[in-house]
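The structure appears right after this line, and notes come after that.
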Amino acid sequence: MTKIPVGILGATGMVGQHYLRLLKDHPWFEVRYVAASPRSAGKKYREAVSGRWHVAGEPGAHVWLLQVEDAGDVSKASAALGRGDCSFVFSALEMGKDETRALEEAYASAGIPVISNASAHRWTDDVPVLIGEVNPDHAGIIPLQQKRRGWDRGFIAVKPNCSIQSYMTPLHALALAGFQAERAVVATMQAVSGAGYPGVPGIDMIDNVIPYIGGEEEKSELEPLKIFGTIEDGVFKNARKPRISAHCSRVPVTDGHLACVSLEFGVKKPSLEEVKEIWASFRGLPQELGLPSAPEKPIIVHEENDRPQPRRDRDAEGGMAAAVGRLRPCNVFDIRFTALSHNTVRGAAGGGILNAELLKYKGYLS
Amino acid sequence: MTKIPVGILGATGMVGQHYLRLLKDHPWFEVRYVAASPRSAGKKYREAVSGRWHVAGEPGAHVWLLQVEDAGDVSKASAALGRGDCSFVFSALEMGKDETRALEEAYASAGIPVISNASAHRWTDDVPVLIGEVNPDHAGIIPLQQKRRGWDRGFIAVKPNCSIQSYMTPLHALALAGFQAERAVVATMQAVSGAGYPGVPGIDMIDNVIPYIGGEEEKSELEPLKIFGTIEDGVFKNARKPRISAHCSRVPVTDGHLACVSLEFGVKKPSLEEVKEIWASFRGLPQELGLPSAPEKPIIVHEENDRPQPRRDRDAEGGMAAAVGRLRPCNVFDIRFTALSHNTVRGAAGGGILNAELLKYKGYLS
Amino acid sequence: MTKIPVGILGATGMVGQHYLRLLKDHPWFEVRYVAASPRSAGKKYREAVSGRWHVAGEPGAHVWLLQVEDAGDVSKASAALGRGDCSFVFSALEMGKDETRALEEAYASAGIPVISNASAHRWTDDVPVLIGEVNPDHAGIIPLQQKRRGWDRGFIAVKPNCSIQSYMTPLHALALAGFQAERAVVATMQAVSGAGYPGVPGIDMIDNVIPYIGGEEEKSELEPLKIFGTIEDGVFKNARKPRISAHCSRVPVTDGHLACVSLEFGVKKPSLEEVKEIWASFRGLPQELGLPSAPEKPIIVHEENDRPQPRRDRDAEGGMAAAVGRLRPCNVFDIRFTALSHNTVRGAAGGGILNAELLKYKGYLS
Amino acid sequence: MTKIPVGILGATGMVGQHYLRLLKDHPWFEVRYVAASPRSAGKKYREAVSGRWHVAGEPGAHVWLLQVEDAGDVSKASAALGRGDCSFVFSALEMGKDETRALEEAYASAGIPVISNASAHRWTDDVPVLIGEVNPDHAGIIPLQQKRRGWDRGFIAVKPNCSIQSYMTPLHALALAGFQAERAVVATMQAVSGAGYPGVPGIDMIDNVIPYIGGEEEKSELEPLKIFGTIEDGVFKNARKPRISAHCSRVPVTDGHLACVSLEFGVKKPSLEEVKEIWASFRGLPQELGLPSAPEKPIIVHEENDRPQPRRDRDAEGGMAAAVGRLRPCNVFDIRFTALSHNTVRGAAGGGILNAELLKYKGYLS
């Protein structure tokens, strides 16, 4: 099988580097186009990231030699599309919100699908916020999006904020089994890689916790409602449940967002054994399809009382699973537990790649 | 004024060291008796802690030269009492629960009041769990305790677990103002000093969080009910509110327990401005009396959106205040906020000293 | 090819766990025997490490089900040898020195070769301290060791302390090229995993460095002299150069020992370019033989001025290479540089496995 | 006594904040003038540092209300001098080197003495680099500097780089006693506060060490030669000894630079006991004069084998002393030891204040 040529927007940033690392040897996709800020444009990729390649692992050897293009110049990507080097792009742009929104639309309008990590389009009413195991059917809005906007080949699909990744699949699995969470109080302990590079100052992360991450609590409370929502009249309509209260803090951890979750169900409440069984046996569409980046077990259930822990558990299933543990009755709501997700893999580049695999399977990418 | 001679049980441990540091130059108390395990007994204090004095600061110069006694041998303390060297003891014993309970009773029975940090007697129904600003009236059980047990001079008074110290005074101040919290969901990020020395393994606290602290969640949920309770028929009767759910995690911080709190009130709900005003203006009995270790402001209200932080804020008011910040509406309950308390000062030795000052004022110590 | 069945002594400890992780899917060796302290004996391996499996990755699935034997009972291993389940053992024993020495000799005497990580036999005059790339010829003492001690099949071979691993191959490569280092001043910054588990207390590794590791400086100064030494009259005779001064400190890093090295050569001094070229092109016997665990490049030369760094560079070549960087003239000696080695891979289990591969190639293991 | 009114240039930065904290309640000096970048100019100081007051402690209450002036506008300071609000300035400017040099000269030229932390003038041949205990006589160049430059009241005096502070006084004490160090190899482990704020990225300081600090090794090797030098013909002439080789690394520590030092003496070599005695008994001019910020013991000698440690020992003597420990024979040179200095107190603001106290005593400030 010939691999689909893909591009990376924001290829020199931290998320861009993770994309390149994870796409090395990918069975379906091959990176043949890299774009970044004008400062990097014109350089070979190796030179552009010299002294600031921050992630473990490497891109494919040929990527070092690709010439970096200006991500702001869509005509370069159009030309690449024309010559068969860029069938769609992963967007890891780190610009302002309005600029990102306009630029992603320009790529889509030019016939280049955009699979994005950026937050700019998460609240655009015809753009799906996809988690493969939770709402793969939301991809069904893409033809409506294309029609409404007059785009033929291009479209935009995004992924949610990394802070919610650890508990969305667990909540969805329970709802599927008939146990809809009504309310949740969540306190997250988030890794510094979520802030990019240089990100959080070093002195703030020694013998310290920062109990605040700008905008993160709002995203954590609202994005789940769109993801659990429905398509009505060609646009998304939010779900009304669960009502979430999020406390988001930054802790001295490199990778892996941890969440302490208290959950209240409606009239129908599962036993702890039922919850455990539902989580351990849950399989979503990515698992059924055997997508290349899908974790075999999307939810890993820990029985030890001190797990999951970021450093010990974030890399399970290649960093693509949610790990849950400490399931116990809640003294205020019904159940409580701790959940962990690798924020720069499943919560960023890995999540984007799984979305692309799903969209490829559904026929939106070729 | 002649200072009251006091003893420290567990004087070589970490909490014992903090007692010695904080009692240096205390206006009312002077350490003249130190006791620890048989291993240390017979040595000069300086020798006993050689290579394991872990805290910043120093004890009074004379303490280095005190001979360490066996804490298990009450007759040594009785003799010290007799010769005017040990009017009462601070207990920072680190033995098993049953052993601690029996030993503290033996001291009290021998006429030596015990002001304890240990958890052994927190659920003894005639032993007060004191927070000076919250339930100073609970000291009123002491004569009943003495009578019931046939003790003349001795008694036992304890302090609560360090994990609740940051939000108890804020909750109490609100209740006093007519805003009784009905339910609370709390997630703590606790410092490693709370586990003593050697405590948490180093490799567990690099690039990691441990989402579990044995017994801590139960203590955090139950102890507030005794503290907010009442004395009936000579014993404590628990309050029924607030119902608390606690998630307790260990984070790479040396000192300072942080708590993310979501609070639900009954019918009467305060505005955010009222909460802020109630906290900022709250003064308890230790403040009215001007006790030597009382923080001037028992609750410090932060307006910046990223405070309180453990390293930057734990030492305010000498480590004796609770710092609160990030007060905002809760998306599930009524309000939410972040609270911080210095676990080895207010949450341990400093809290014990303030209790002793209160009991001295009330005439129970002399 | 049928795999050689091997045993692990100290299989439940941290180094033992790394052995199991690294031997999963090994092309030559298969773990069929695990032994540990009497406390673990009799349990299935999974049960024995429940709640204390600390390393990333997993052993082969069949290992979970192996019954743990008492490492102190050599007859168990003899029986396993007899039934074809334990052809030789990797020793990761964590007992006292004398006890370890005697026990390793008992295994060897029972016909079971011992490839050891323990320090007990490093100064035994007929036991080789092997680094595959540096002194593979030292294996030649094994027949002499066997003859002298009356052992037929068994023998003992050990590896050096993890603190010297990062600079031994670089020093050897230079000496081979004619540039013998005469004197070296070394300051190491060592990871906490080197202290085992629980190891260094957590509070010592937050906002702190411990400028002392018991016994480490002596090992760092003396072991190189044996490794660079020669076999004379059936025993090892130390080299006299280089004279090393080591300062060893513990820093808040999980894995990866870093060393700052200043080097003085004799009359013949290399240019910086020569050094770089010698290191980059160096290949030892493990590389020539293509041993399964041999790094392709035993010395990785970094050009960036802020590398190697523990977290970013320790895993290169599967954690088996030495990384060097910051090569520059020394203001006191001739050259200086920074070197890094993964202490729990190359410096412990991985180094032991490479030694076994070498000894298998040389015909000492079957 | 009326206090001398002083100004702080760069008052909003981290070093500026330390100056303000340390000058609160200073017996001789009172801050009455604060200047910073144009961005802060015109604001009240409290407003200018809102959300970025990083240090523990507070400035004097009146400082919050001072209006911040533009540090680039010397006329503002001249006016303050005129009205008796700024007799001299502490410079904690964080501009480029050339700009700082010119600006400090403009202040001096305007009659305002500059006591500087900046590195800009360290190599100006008539500017003294002062360490009170080491080269107080270098202040004698000030009249020559004033005459040469045509300044009447103004002058410039600076302090050295923070990385050398821990071992300069120990080296000087030995030289005074007749034991001149000829060569030294030094490896430092430096705190992140040395890089200012935001400084080192957080992700670089979790589970990591950065073995490089730009320009730091050169400063560490050269500045001691000027400090140990002499005044000849109105300018400084460098000493020729000791020859130093420095390896400088950044470690996850907030405050406190640690140095591992190997030292070679000339023909006359001290015993370890002599070294210890020389250090423990050393007193410099600041001690003899009893200057307000002078540590009672400028060198604190530790006997425990694992001290000094940054977190436990940096605050001794108010952060103004050098702590030394692990004194032992060197396997390559003569002796070796570990030294510690608080980089933001003695190594920055505290060192500047002590210099000002010395210069006031000598009559250069009024």
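So that you can tell them apart, the chains are marked A, B, C and D in the order they are listed, and the count of residues begins at 1 in each.
Here is the rule we use: a contact is a pair of C-beta atoms (placed from the backbone, for glycine too) under 8 Å apart; a residue touches a chain by one contact, two chains touch by 3 or more.
Since the structure is predicted, the reported quantities are computational estimates derived from the model, not experimental observations.
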Intersection of contact partners for chain C and chain D | A, B
Remotest chain, chain C as reference, centres from CA atoms | B
Find the geometric centre of each of chain B and chain D from their Cα atoms only, then give the gap between the two centres in Å, rounded to an integer.
-> 40
Distance from chain B to chain A - Cα centre to Cα centre, in angstrom | 44
Starting from the mean Cα coordinates of chain A and chain D, work out the distance between those two points in Å.
-> 48
Do you know which chain A residues sit against two or more other chains?
-> 54, 204, 206-207, 252-254, 306, 311-312
Using the touch rule from the top, collect the residues of chain D that touch chain B in their complex.
-> 50-51, 54, 56, 206-207, 254, 304, 306, 311-312, 315
Of chain D, residues touching chain C in the complex | 183-185, 187, 189, 204, 206-212, 221, 243-247, 249, 251-254, 258, 260, 262, 305-312, 325-326, 330-333, 336, 338
Provide the residue numbers of chain A that touch chain D in the complex, in ascending order.
-> 54, 192-193, 195, 197-207, 252-254
